[in-house]
């Protein structure tokens, strides 16, 4: 039966890359369905994403061996993903529900190509939302000490075979150790247009500055707060005569939209990281 | 003959403000044509802008005296502007022409209600643009020493009776003394979405961060670089796979648009400053 | 105890309107809290919205009598609304849930200043959503004949004391008689950027035309399909290489946003109708 | 010396297309620099754009012969363009200058990769603009009869070796015969968000409808007025309380932006036409 793979490649820019990759796929019995490629001239890097399906005789192990040789010669970082395998995404939330609802509703509508096996929170408030959508809900307790609490948290992630963690307005900072173990596997939504307005109360900061647009940013969590690689962003024009509480209300719609968009891009294998920032390939 | 005035008022919020102002205008022989008002609940401040025309018997001196009494009792800052008097705006530019052209073309099309009596630059490159539009052009020389150069600059502004200075990509930092003398009378365009990306090479900064939108900000110049009150802002969604030089090219259109918009708002008496930021009243 | 009223006024433009209205309010013992006003020069019409609170001695009957005299002399249409009285809004939906969820979630978050006493549908599919939010759900049956079905429908609206009907992707056309009885009291969301793409399958129409942006429109229902006065609109830039089914998926977010926005504007007494179109006053 | 080509391909979707094209280029001595490809599932069409550079031994005639064989077997329409050859673009304008200025300024800034050898108008008003930018200006006279006037017009286009005609607010309808001869070689800017507001006075139409956004559309001219394939579009949110004349003023900025964008896309070989609409490939 034919299978479908996604292949992601990053390497220094050089001549002959597209031909080499497409030839290797063809010679292994793969047929390219989609190819998207881009050269970042500022850092002389080459990015490529391709979907291919297999014909009879394709052997994934043989392909990986053949591609490893090619990758070695061109200095490629690469990843091969089985497109039929659904990623398992855990949602972490605290008290506000709009981002959690957004992901659950989109998932219910078939618009997120993943499983959501578990929801975790440091508060009991959103348990009823999880129940509405029949997803197991766990409450963890940061008060018991950061280390012990993170042991609990990571235990849940492992028990549920989680591939990716989404912080849907989760109001706890993860430790550097946990972040390191889940590098580029934790996506956070920040309610400000990063790199402006990092840290607490970004809408208050925005109001005090008198900006004319407010925004939200979804990014990979790194060891520096609110400075990991940005995946998606959007802004909303607001009359500067609106109050802070109106900024907060209006901002919710941007937050949920941006978080959903970031998750879709990730699940679509469109997010590449290089030199501390992302490059999105359609 | 009837005259038309704009009245701008800011004060602590309190009961009876709208009635008091409209009554005072009516009792002086003014007829309110337009009224726009807003209360900033976060700082308990009241803002009001009104246009009124005069009937026979209106005396501006008597009105100002009557209004001063009212203003005193409510703690108002206020300004009365003759709507027929066109402001005189000097444009300062360096080498890039897109913002200068924008203002001159909009002015030529009758879309900027001001005079542009003079253009000043620290380079000769844009002299021909000034000539195309028949505006006197002066070249000043920062190399001769900041103090001496600013004496020249301010001399030109005075000779031409300038009310407002617009920095249309003028690549010289004004001294604190000059800025203090022209407080809220110098508008700058910054090619970044402030408060992010202050200082030099904002598009390079934006690219390195991997942001998904680039922006521009028009603001009053204050004594701290790129931190004066923001008047207008806009952003443009850009594929993060674009190069820095494409950011620069695409950003030009946002810059010229935002600068033009800020100047229009100023000329329309819509820009109020309070607590270090602006409030825009339509 | 002080009460708060909203007063909406439309009339031919003429001199002295703002003064006359504010004076009448003041003389009746009202204090203007907010005033927003606008003159449509193209049709010489004047629009005004004001919020005022009452002091002791204010009598609403006396105010209405006094204002009626004023209104007569200026040719005003006007409406006085008690700002404490929450409007009762019925939601009608069919099978797709995104607009229904949006209104219920926003209401749950305290962002819609109304009651939602009842949900009606011509299908059973969304009953569980209504139940999640503890709102009574009625299924009506258009198959029994238009007239009989509309008797059922209007009976429900009356039983629940409904002031406004929101069609949240309700796939039944209302009869001219029903629309006439509920003039400017039924808001519909259309999944196209009206006046383009009226009628069925607007996303298919948009795709076939190769437009670069898709949109949604909330409007009052009138007797001509998809041509009632437009209340709110928005668009989304889409790559024209997206499929129709992606247009449909992406469009949902614009639809729910625009419908929510229209309902908020209505509840905030910001929607004026004149010459077959709306004028929105903040 | 290496040369650079763009290859544009459209055909029915089928297996093996990407491999076949890239292999043919490689075997002819071409090295693919950029590849962008897309399948329109709704009409089962495949679109592809690729840039490649040549190594020694590449012969363009031999490549075309080899590719013709491939194209025949897959049912491809295709075009090969020499990327060093600058297209020659004529601008036609009438009285309003904003679109003409935009193209000339962008060209002067090196942002339009074409030559602009001639400007033609049915009025004398813009001659001085042409002169400012040192471009020959011709005035044609529709009053002398449509046929005779179009002979003059087409004569100028031929004398100047024009490849593409841009109607930058040119207020004359071209005859069906002329349009047929210049199929997909005439780009027009319409000051409305097509397909809404076709024909005359689109801003007046938009105002009467009470739309909340105004737009502009650049499209290929076809034999049905304002209905040719759309290349680029954009909209601007406008307060519906603005007057028609303000719509006209504000709309100018959208018009010039969209026309410039369409011309860039065309010059970048990104515009494909299939089934009466365009598909834009980056």
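Letters A, B, C and D name the chains as they come in the text, with residue numbers starting at 1 for each one.
By definition in this document, a contact is a pair of C-beta atoms (placed from the backbone, for glycine too) under 8 Å apart; a residue touches a chain by one contact, two chains touch by 3 or more.
Since this is a predicted model, take the numbers as computed values, not measurements.
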Relative to chain D, chain with the most remote C-alpha centre: C
C-D or A-D - the one linked by more C-beta pairs in contact: C-D
Centre to centre, by mean C-alpha position, how many angstrom separate chain C and chain D? 41
Centre-of-Cα separation between chain D and chain A, whole angstrom: 37
Hey, what residues on chain B touch two or more of the other chains? 239
Within the complex, which stretch of chain A touches chain B? 38, 40-42, 47, 193-197, 207-213, 215, 229-230, 232-235, 239-241, 243-244, 275-281
Residue numbers of chain C touching chain A in their complex, please. 97-98, 101, 105, 109, 111, 132, 239, 249, 252-253, 257, 282
Interface residues, chain A side, partner chain D - complex: 15-16, 18-19, 22-23, 25-26, 31-37, 39, 237
